[in-house]
Amino acid sequence: MLIRLGYDIQFELAAPAAMVAMLHVHPSRASQLREPDNLRVEPAVPVEEYIDTFGNRCSRLLAPTGHVRLWNSTLIEDPGFPEPPNLTARQQPVEELPPETLLFLLASRYCQVDQFSHTATDLFGATQPGWQRVQAICDWVHQKVRFDYSSARPTKTALDVYTERVGVCRDFQHLAITFCRCMNIPARYATGYLGDIGVPATGVGDFSAWFEAYLEGRWWTFDARFNTPRIGRVLMATGRDAADVAMTTSFGFARLSHFDVVTEEVSG
Amino acid sequence: MLIRLGYDIQFELAAPAAMVAMLHVHPSRASQLREPDNLRVEPAVPVEEYIDTFGNRCSRLLAPTGHVRLWNSTLIEDPGFPEPPNLTARQQPVEELPPETLLFLLASRYCQVDQFSHTATDLFGATQPGWQRVQAICDWVHQKVRFDYSSARPTKTALDVYTERVGVCRDFQHLAITFCRCMNIPARYATGYLGDIGVPATGVGDFSAWFEAYLEGRWWTFDARFNTPRIGRVLMATGRDAADVAMTTSFGFARLSHFDVVTEEVSG
Amino acid sequence: MLIRLGYDIQFELAAPAAMVAMLHVHPSRASQLREPDNLRVEPAVPVEEYIDTFGNRCSRLLAPTGHVRLWNSTLIEDPGFPEPPNLTARQQPVEELPPETLLFLLASRYCQVDQFSHTATDLFGATQPGWQRVQAICDWVHQKVRFDYSSARPTKTALDVYTERVGVCRDFQHLAITFCRCMNIPARYATGYLGDIGVPATGVGDFSAWFEAYLEGRWWTFDARFNTPRIGRVLMATGRDAADVAMTTSFGFARLSHFDVVTEEVSG
Amino acid sequence: MLIRLGYDIQFELAAPAAMVAMLHVHPSRASQLREPDNLRVEPAVPVEEYIDTFGNRCSRLLAPTGHVRLWNSTLIEDPGFPEPPNLTARQQPVEELPPETLLFLLASRYCQVDQFSHTATDLFGATQPGWQRVQAICDWVHQKVRFDYSSARPTKTALDVYTERVGVCRDFQHLAITFCRCMNIPARYATGYLGDIGVPATGVGDFSAWFEAYLEGRWWTFDARFNTPRIGRVLMATGRDAADVAMTTSFGFARLSHFDVVTEEVSG
């Protein structure tokens, strides 16, 4: 399956501001790209690319005063089916985990592991370790939290989601990630494209958030928001939580004036 | 100057638990060590060493049931004077910062950059960028926050410190780090040995926390707790905040039964 | 001046639920009513009236399953000019305050006096006690906080308003009330009708929140949201904060399906 | 049984400060006093007495600069047995509750009812309404929260207690009160004397906090901290939470230099 990917994001700036964008397809899928995946900027300004600590492809630029447009369109080959679940994937004890996964057991801005250990044990202490436990966490969050776009706010933490029981996709994942870490399962936040492929049109937008849990030697995709296998996830970035992987971060004020994303299957 | 460093930390465990320790002298000072710097464990169990994402030297072990002792003693050569201040160190605009410093502008568990931008601008917007601004931040935190050991708690954030105005060394640094990041100055948390060398005995203990700010091409040491140059800081680890650099993290319950640290000048 | 007041609030209930409404004109203005001020309910169910601890006129009913409508229309005589300011109103020391005002110095759900004492002193400690101090508080809140309907949420506290700097009318008042109490000035939350009388049409809705501060022997009206004298405020209820004076509180789920308020000058 | 009650509380003040004390036996037990119950102050200053909104007997004074002592000793007759439980006490629906109890269903400073409704329903939705439900709440809090004096802090809320699972007596009650209110059971905070009468000496101090729940027409005593019937509770004050009933509130800085309480059975 081929998927057309693209975005068109526009800002108005009253003064120049540095900007960091995480708008590329993740390096792990670079070999499946069938068209270049470059950040295009109007007006043309120099763009510096780098790979961050988490392995994500980032771009940095000095956005000038006035109207600024970040956009691209690219094409990727996709297996056309969801990652198959592995119901028997084993939970590794902490002493066997690869050292680079240990960071994803710790507390982060929106995932207050230190405040959830008791609640996580109350809720999930009796579940079977491994895949079943992560799935139980996803099921709980999916059932207990209500989706509502109007409830989004940038400071919302896992604890807020737990008390308010309403949120957007990032909020569902923050709560599930926190529970996983409390149960000693490394979990990291993931963002990327997720279109209405193979499902009824949802109008939910084409960038989405999900998360990855580390079981039996590798990272697996989970999604406490949709909680059902989905075709056409295209990973862009992973990090400890949403604080690490904002699509765009502006160091100075930039008013968003346009936001459009494309993710659609292209007939071969 | 030679400084004797050491620790003796003991736990009681009702069941085996994985443990991560960050008890080594930081790799950046390894060449100044005059004795081996190895984590010794009693009873003897395998210890795995690795370098984490932030460049810190870490140890991991499976602590057995019963009494566990982590200890070491080593000797380091120290310049014997504090890092000299650089009052004219320039603040680099975000677009010129090395990419690996950008992570230290973001919000983290105890440093809610997203909740402090207005307050930081109110308090420090009129100060001179660069060294003077970091110093103004340290002065404010140092004057406004009162030190009190009994006020420590593991969940205390920069916002808690700001409202309660009382804390221990880590709390002072979390608030200062948050203000620096809000002003677009990369800032990271640092832990290490800090003994009563060149100052009256304070009885404040020998592990301490301070922070580093990135100005004019390098990281500089600041300390909002003491806010005065100090001899004999020996860095152990740096990270986004205290969540990243706990001296010991136990994945399972371990009761601390003994804690002793040595940092003292040794006459040559 | 005569002002027509009215509301039409409708709910859908899946099961019967007790409801408390605070939809009457405040007893302090009862003598100015020119038409009856009764809560009308459809379908007709018994309505119990009582005066709460704070002196507000309340109604309680058992709302039945299905569609429920609360409405009324009444007419009040209004002086037609704003309460004149009293720039020299003195701040009474706590030992001289009437005992019944002391409650309004304490912390309440949305006004965390205990977390703001240092910030309040930093910001307002140098202002002149009394009216000037309350006005300085209103000016600060009015200038620093941005109005945005979409930022409303039921759990938002004064501390959230302080960090986020965005809110709706109740949020402005909660922050100002908290600052007043920190400075030992009794302050209470007020709700009522506030129409576009004597000002350009704002489309801001006709119920509003403001607050009252106790100075020189009486309560005075302040409004950190509009921060300008306004004609036609009609008080409905006062309390410690919004938790005490919700227009309607439903003890069980009731979906709001219609909400309409009228406040307009009637030509004599 | 006769119980000797008394306190001796001393402060140091750098400047005069108004003080409110709630150190009297509650009016509901005044008829059982066998000695006068007056607040004595050294140096002698005028003391004004009043009854607050909640029916508590309060004292107000202007504490002078220097050393100030508040003390008294009195004698009360006590039934000598705990209030007997009423396992069948019915939970009244909200529409039948006396209006003056409705305030105790609302959110207050330390009891964030608005943030706990989902958790309360998860935990207690399946319990039997009435006495059994309040008891289930007490049992849960008693089992899940660990007592630790060193964890006390003035800003600690029910949500903090829920996440940290550690606290002092007031913290246990705040969490239990919040859960009760979420389940539509009026609950109020209570403070008073509680000595080691009829139990092994605990060294827990002689002022304590408990709470009252409203069931079947009256308020009943519950205590999520001890969760066992106790002899010799002597009520001093009730309120929405600890914010309403501080033993002493000082409007200005007063350093506590001495604190001593007596509660002991006196042989007739």
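By letter and in written order, the chains are A, B, C and D; residue numbering begins at 1 in each of them.
Just so it is clear, a contact is a pair of C-beta atoms (placed from the backbone, for glycine too) under 8 Å apart; a residue touches a chain by one contact, two chains touch by 3 or more.
Everything quoted here is computed from the prediction, not taken from an experiment.
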| task | Have a look at B-C versus C-D and report the one with more C-beta pairs in contact. | result | C-D
| note | Looking at Cα centroids only, farthest away from subunit C lies chain B
| field | Computed distance of Cα centres, subunit D from subunit B, in Å | value | 41
| field | Separation of mean Cα positions, subunit C and subunit B [Å, integer] | value | 47
| Cα centroid separation between subunit C and subunit D, in whole Å? | 30
| query | Among the residues of subunit A, which are close enough to touch at least two other chains? | reply | 112, 115, 155, 163-164
| task | Please give the residue numbers of subunit A that touch subunit C in the complex, ascending. | result | 150-151, 153, 155, 163-164
| query | How about subunit B: which of its residues touch subunit C in the complex? | reply | 112, 115-116, 118-119, 122, 144, 159, 162-165
| said: Using the touch definition from the top, list the residues of subunit A that touch subunit B in their complex. | reply: 18, 20, 48, 50, 52-53, 58, 60-62, 93-95, 99-100, 102-103, 105-109, 112, 114-115, 154-155, 184, 243-244, 249, 251
